[in-house]
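Notes for the one structure printed next.
Read from first to last, the chains carry the letters A, B, C and D; within each, the first residue is number 1.
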Amino acid sequence: MDSRRAESFSDGVFAVAITVLVFNLLPIADKTASDLTAKALGHYWPAYLAYVVSFLTIGIMWLNHHTMLSRVRKVNRQVLVRNLFLLMGVVAIPFPTALVADHLHENSQGTVAAVTYGLVMMVISVGYATTWVYLAAHQQELDAVRRVRVPRLTTLRFTAGNVGYVAGTLIAFVSPIAAVTIFGLLAVYYLFEQLPDTGSEGHQEES
Amino acid sequence: MDSRRAESFSDGVFAVAITVLVFNLLPIADKTASDLTAKALGHYWPAYLAYVVSFLTIGIMWLNHHTMLSRVRKVNRQVLVRNLFLLMGVVAIPFPTALVADHLHENSQGTVAAVTYGLVMMVISVGYATTWVYLAAHQQELDAVRRVRVPRLTTLRFTAGNVGYVAGTLIAFVSPIAAVTIFGLLAVYYLFEQLPDTGSEGHQEES
Amino acid sequence: MDSRRAESFSDGVFAVAITVLVFNLLPIADKTASDLTAKALGHYWPAYLAYVVSFLTIGIMWLNHHTMLSRVRKVNRQVLVRNLFLLMGVVAIPFPTALVADHLHENSQGTVAAVTYGLVMMVISVGYATTWVYLAAHQQELDAVRRVRVPRLTTLRFTAGNVGYVAGTLIAFVSPIAAVTIFGLLAVYYLFEQLPDTGSEGHQEES
Amino acid sequence: MDSRRAESFSDGVFAVAITVLVFNLLPIADKTASDLTAKALGHYWPAYLAYVVSFLTIGIMWLNHHTMLSRVRKVNRQVLVRNLFLLMGVVAIPFPTALVADHLHENSQGTVAAVTYGLVMMVISVGYATTWVYLAAHQQELDAVRRVRVPRLTTLRFTAGNVGYVAGTLIAFVSPIAAVTIFGLLAVYYLFEQLPDTGSEGHQEES
């Protein structure tokens, strides 16, 4: 299958998943039905924080996904299956987002929410790593545009990302708010940092 | 009409339908509002199971759909009408998924949920078969890329799929959990198995 | 603007709007939470009927929309504005669908629901007619693929469609179920009937 | 990255966000569950008004977005990040829309709703301005189709748009209904007015 078609389906899924995040804000209109004041709206700051963090996170994931799939011209059944599992994680993100939005207030329940969030992120990270490794190992078969590799620096940075999610998840046991802040900072870091792929562009002749 | 346009609309519908599945997870945040613990989250395992099974199932259906429509360059009104009925079944999948998510706990109500799930799957299978048979019968008119046929082995495997859904639906009367497990295994089987179309690629010269 | 881009945005809107219809089925899982039986599911037949009727209706509208926009290569601000109003009607369809799903049971309330449904359809019909007439009047400016006109027979059939919706809406005052059945039959009729555009293809040289 | 790909993802997001607006109408079916009359439906006029205003507003934003991105052939990381923040605002629109739909009835609570609406609009306006200024400053790097600039007249009109939102937000403290009407009129004004980009087309040789 042409990789563009898999990309275009994935793009649709990413676009819907990122928009579904607003469904964590909509119930606030009902919850403030009897008394809408600026203060009442402010009370729901965990929902706004969770919206921003998850929006940036899915946005980054979309960019990573595009970078990854644009490296090959064809995809086979193996890639499509890995991609499907990846999307299954991405589509689920609004769920831990809802948990964080509803429970970040209270410390002990916020911990359960933030840990669930971190675990979903780790599962998705593993999904990306698996797909990326597969592409690197089968580039000829997949008609790679240029040599796909996982450069050492990138590996480190990728790992750093995972380490960030692991650290955030552990910190959630002490302070769920700190954990969600870390998840947000990770997204912002990747927004402004170069992606692995782009980063390696200058060195593509090196082995 | 160019078949790519029908595909692109169908792709959009598949992408939205697969993402709608997360709406069966979102209410869990509200239901655990007063007491969010790991155990309370675990209590909703039927929702997670139903999410995974339906996600893989719609994913597979998307692949099948693409395989089917990519065989022809044009589609006529007849194909579009069949396609619309097919999509009507696919878009409905989140509904039996919600029934399973809410009722797999209790045996007798789980039976109604799992049977409904199986029936929707059977209706969709019939939709696929009808469209496939139509394409095979009108390939010249539809400017087929290569000869579309329903190879014997494939027919068997296709039938096997239906047999699997029929079997799962019957088993649901005894154990709805076993039935949903079977629906999941069917999706996994098709994930890793070759699709009819790809499977016949090597033999496209044979009659 | 290239008409393909307007089409692709509209396609996305149609694909989401048609999928939103399943949100009228999802609450049934909750409503049957305490007692899910086949009979309890059957009780919600107006929801299933409304789903089928609206799904076919939006499907037909997508086809009509494609037929219309594929006639021109460019679109200007005037067309885009008309298109936006058209889409505003299409996106609203799940709302009267929900009214019908919830109220078709009771005669007097079903009347309000079915009349609302019919009114929305009439507004959309007017939207289509307005856009079509504009395209016919500005085909040179819009770089028409071939001469766009509203053939007499088609006009009649188009009018017939509107007459159907008017008739259905009036009948809703007596029997809302009959009205919704008529709306469904109108969709089925257009599914199998040729569209105006296709119908006039053979006569495109005639004035 | 090719700018068309960023556009196509953004288009998907716009298409979903505009369709999500119907979720502010769907609960009306439940709220009128016990007594559906024409009068009961009429009672929810703020929801219909909010739907129309937000639909036109997102529609206009989609047009502006396309105009903006079609000016360049490539986008870099900086543009994508700005675009992501822009989309974060657009996707959030259904939330202040829901506030307006639920609270426009009561004067003091309607003020909070309309002010929130105005603030979200202003944030999005800033997002557009930031992206537009970036494109104008890096057109060579982004392989601009033709010189991108912010002509004086356009600047004025752009500013006028912001002034409109600021004025509307201030007026919301006196009359939230007047404020929402202004937001609607702003959308209608931009619908029929030329966009900055199109407006400057004739003068593109001037400095």
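Here is the rule we go by: a contact is a pair of C-beta atoms (placed from the backbone, for glycine too) under 8 Å apart; a residue touches a chain by one contact, two chains touch by 3 or more.
Computed from a predicted structure; not experimentally measured.
**Student:** Same or different: at the chain A/chain B interface, is the fraction of residue numbers used by both copies above or below half?
**Tutor:** Because under half of the interface numbers appear in both copies, chain B and chain A meet with different residues.
**Student:** Give me the C-alpha superposition rotation for chain A onto chain D, in degrees, nearest 5.
**Tutor:** Going from chain A to chain D via C-alpha fit gives 90 degrees.
**Student:** From the C-alpha centre of chain C to that of chain D, how far is it in Å?
**Tutor:** Centre separation, chain C to chain D: 26 Å.
**Student:** Using mean CA coordinates as chain centres, what's the chain A-chain C distance in Å?
**Tutor:** Centres of chain A and chain C (C-alpha means) sit 37 Å apart.
**Student:** Can you pull out the residues of chain B that are in contact with at least two other chains?
**Tutor:** Where chain B meets two or more other chains at a single residue, that happens at 8, 12, 15-16, 23.
**Student:** For chain C, which residues are in contact with chain D within the complex?
**Tutor:** Counting only chain C, the residues touching chain D are 1, 5, 8-9, 12-13, 15-17, 20, 23-24, 27, 77, 80-81, 84, 87-88, 91-92, 94-95, 98-99, 101-103, 109, 112-113, 116.
**Student:** For a test of understanding, state which residues of chain A touch chain D in their complex under the given definition.
**Tutor:** Within the complex, chain A contacts chain D at residues 8, 11-12, 14-16, 18-19, 21-23, 25-26, 28-30, 32-33, 35-38, 41, 51-52, 55-56, 59, 62-63, 66, 191-192, 194, 198.
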